[in-house]
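Would you mind keeping the following structure in view while I ask a few things?
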Amino acid sequence: MISLLPRGKTLVLHIGIVLALLALNFILPEYHRGVFSRVLVLAVFAMGYNIAFGYTGLLSLGHAMFFAAGLYGAGLTIYHLDWGVWPAFAMGLAAGLALALLVGALALRTTGVAFMIVTLMFAQVFYLTTLYFTTYTRGEEGLVLRQQARVLAFPGGALDLSDPSTRYLVALTLFTLVLGAVLFLVRAPFGRSLVAIKENEERMRMLGYDVFANKLLSVALSGLVCAASGAAYAVLFGYVGSGFAAIQYSILPLLWVLLGGAATTLGPLIGTLLMFYVIDLASSHTTAHLLVVGLVLIGLILYFPKGIVGTIRERWAPWLP
Amino acid sequence: MAAVNPLLSTNALSRSFGGLKAVEKVDFSLPQGQTRAIIGPNGAGKTTFVSLVCGRVAPSSGTVVFDGSDISRMPAHRRVRAGIAYTFQITSIFANLTVFDNVALAVQRRLLGDRQHGLSSRLLLKHGLDALERVGLGDRAEALAGNLAYGHQRLLEVAMGLALKPRLLILDEPTQGLSDGEIESFIALVREIASEATVLLIEHNMDVVMALAERITVMEQGRILAEGTPDEIRANKAVQQAYLGGDA
Amino acid sequence: MAFGPYLLLATLEGLVTAAVLSLMALGLSLVFGVMRVVNVAHGEFYMLGAVLAWWFSTMLGGHPAVGFLLALVLSPLVVAAVAFVAERLVLSRLNYEPEATIVATIGLLYIIQQLALSFYGADARPVEAPFSYRIQLPWFGYSAYKLAVIAASALMMIGTWFVLTRTKIGLVMRATQYDRETAQAFGIPVGKVYAGVFALGAALAAFAAVLIVPIQQAHYLMGHDPLLLSFIVVIIGGLGSLRGTVVAAILIGLSDGIVSMFFSPTLAKMLATFLVAMVLVFRPQGLFGAAAR
C-alpha cells in the first residue's frame, strides 16, 4: 500500500546503519575512528548537496561556499569573539542559510550550464573574500581553534569535542539527524515536488507550482545542511581555513554523491566513505591522488552514472529511498 | 440567454512570434458550465490561444478575464491556482514517478491552497486515489507512470487535471493517438467532468467534437471564423470551405 | 615616471594579456558553440601547452629561437592529439550531455594536472624568448617579444576567422553547430567534426601558452586563472561571437592590466568575478552577443 512515512524494510535498513555506525565507535582502531568522524561530517555536506543536485536536479559547482559559510560562521565567532559552541554553531547555520538564499535568488534566474558557471563564480568570489580578509582568516594557513573553546555546554555538564570518542558520537548524532530529515523529506509532499521539478518544470508550473520558489527553498535547505556540516567541522576538528572554500570543495560533494548515487538517502554516506578510503589507499602507494579523483569521476560518469546505491536500486531493490 | 458574466473572456487578444501573427485580436467568451470545442486547421492558432488563456505564453496585446478579474499579467502557476487547468497536447506526465505520485502532485498543490482542510496525508491519499478511480487507473497506482500504455498515460494526464478540481479544464487534443474503444470511454469521462466544470476542448476528431461540444468555435489563421452550435457550424458555408470541406 | 607613460605601460601589458586571452577564449567558445560542451579542462590544455613548450625548447641546443619555433609548432599539435583522444574516448560516449561532460572534463582536469605534477614537477620553469631585442621608448624600454606576441595572436585570430567563415571546414562546422541531426543526414561525419573542434580548441589554448611562456614561467597550476578569465571573456563577449570574444578579451585584458596596477589583485579578481556573475544572471546573452539561442 502507498505510505507517506518510511516503514518496513526502509526503516529497518536506516536504523540498522545508524546502529552499526554507533557500534563502530567501540570497535574501530583510533586512526579509522578519526577517518569515520570526518566522513560522517562530510557525508552531511554530501547529503546537503544531494538535496539540490540529486533531488532537484540543480547542478551547482559552488557548494563549497555554503560549507565554508558554516565553517567561518562558527570558527570566526569562536576565535575572535570567544563565543560558545552553541551560539557559534547557530551563527554558522545562519550564515549558510542567508548566503544560500541570496545566491539562490540570483543564480536560479539562470538554468543549466549558466547555473553551474554562476554558482562557480559566486563561490570563487567567496573564496577570494576569505583570502582578502586575511587579517581575520589567515587565508590558506587558516585558524586553529583552542581546545578550551571547543566545549559543548549542557545544563548538566559539558562535552569536550576534541576527545575522539565524543567527537565521533557528536558527528554521528548530526549525521543521524540529517539522515532522518532527508528520509522524511523525500516522502513528504515537498520532496515529491522537488523530484518532479527535476523531471519536468513546465508540467509543474501547469499544476500550479511556483517553480522558482520551490527551487529557492531547495537551495536554501541544501545550503543550510552544508553549513551545518561546515560549522560542525570547525568545532569538531578545530581548524578553519580558506582551502575549504576553494573549488575542490565544490567538486568533492559532487563526486561523493555521484559515486554513492544521486537522489538516494544512503548514497552520500557511501560515496564519501569510499572516496576517502580510495584516496587514502592511493596516497599510501603513490602521491597521485588527483589522478585517482580524475579517473573515478570519468569512470563513474561513463559506466556508472547512477552510482552505487542508484544501481542497486535499479537492479535489485526498487524500494530503496 | 441571460446576460450572466462569462467565466472566461478575452478581449482583442493577440500574440505574434516574430512577424507571424499566431493569434490576432480574438474576442472570445465562455459561459460557466459550458463545454466548448475549438476546431480549425493546423496552424490556426488554437494551441497558442489556449496557451494565452492558461499563461504559458504571454500576450502581445489584449486581455484575458477569468471570473471577473483581469489575469492577463498573472503568472501561469497562479492561474492554475485560480482554477484553470491545462492538459498537454503531447503527453507530459512524470515518467519516473509512480502513477500515484503523479496525481498526488496535483492534489497536494490544491490542498495547500485549501484554507478549510489543508494538506494532510489522509486527504492526499483519498483525493489522489479518487482521481485515479475516476479515470479507471485505480489499480495502477503503484506502477511507474512511464511504464503505462500510451492510452493510460493520456488518462493519467486527465486525472492530474481532474485532481486540481479546476473550474475551467482545458484539454488540448486529448484523444490524439487513442484507439476507438478508448475514445468511447474518454467521451463518457469528459461528459462526467462537464457536469461540474467548464470544459474547453481543442480537438481534431469531429466525432468527439460533435458528441461533446455544446458550442463550437472555429479558428483560422489566428482569427475566429465562426461560432455556434454544432448544427449551425455544420451548416456554415464559410466553415465548410475552410475546414470541413477538406476533411469530410 | 609620470602618469601618462605609466598608463601606456599598463595598456601594453594589458594588450599582451588580451592577446593570449582572446586565443584561449576563442578555443573555449568554439567548443561550446559547436558542441555545447563546457570544457572545464581548457585551462589544463593551456598548461600542457606551456609545459610541453619548455620540454621541446630544452630538447635542442643552439639559438633559443630554434627551440621556440619547434615548440610553437609541435606543442599545439601534441595537445590537439591529446584532446582528440579524450574526446573520442570520453565525451563522445557521453552523447554530449551538458552535465555529464562537465563532470568528465573536471575529471580530465585532475588527470592532466596530476600527470604534469608527476612528470614535470612542481617547479616553475622559464622558456627563453626567441629574441631579446628591446624597443627603447622615451620613458622606458619595452620587450619587442611582447609586441610580437600581440602580432602573432592577431594573425592566429585572423587565420581562425578565415577558416571559420571562408572555407569548407568552417562551413561544415557551422552546419554541425546549427543542427546536428540534419548535418548527420547530409553525410557530415558529426563525430569527427566534434573531435576536430575539440582538438582545435585545445590547440588554440596551447598556442597561447607557448606564446606566454617566455614571459611567464611554465607551472603545473598555471591553467586555473586563464580558465576563469576566458570564461569571463566568453560570457561577456556572448557565446559563439568571434567579434564579441575579441572585444571582451581586450576589455578584460586592459582592465586587468590597469586595475591590478592600482588595486590589490585579489580585490580586482573578486570584483571582476562578481560583476561577470551578475552579467550572466541579468544578461545571459552577454554584453555584445545577440539574443541567446
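Chains: A, B and C, in written order; residue numbering restarts at 1 for each.
Here is the rule we use: a residue touches a chain if its C-beta (ideal position, glycine included) is under 8 Å from a C-beta of that chain, and two chains touch if they have at least 3 such contacts.
The structure presented is a predicted model; accordingly, all values stated were derived computationally and were not measured.
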| item | value |
| --- | --- |
| Chain at maximum distance from chain B, centres defined as averaged CA atoms | C |
| Core chain by centroid distance, with centroids computed from Cα atoms only | A |
| Between chain C and chain A, distance of the C-alpha-averaged centres to the nearest whole Å | 34 |
| Length of the line joining the C-alpha centres of chain A and chain B, rounded to whole Å | 43 |
| Chain centre separation (chain B, chain C; CA means) in Å | 52 |
| Where chain A touches two or more other chains, by residue | none |
| Residue numbers of chain C (touch at least two other chains) | none |
| Footprint of chain B on chain A - complex, ascending | 2, 4-5, 189, 192-193, 195-196, 199-200, 202-211 |
| Complex contact set, residues of chain B against chain A | 54, 56, 75-78, 80-81, 85-86, 88, 92-97, 100-101, 104-106, 108-110, 112-113, 119, 121, 124-125, 141-142, 160, 164 |
| Of all residues in chain C, those that touch chain A in their complex | 36, 38, 90, 93-94, 98-100, 102-104, 106-115, 117-118, 228, 231, 235, 264, 266-267, 269-270, 273-274, 276-278, 280-282, 284 |
| Residues of chain A defined as touching chain C within the complex | 59, 61, 106-107, 109-110, 112-114, 116-118, 121-122, 124-125, 128-129, 131-132, 251, 254, 258, 287-291, 293-298, 300-302, 305 |
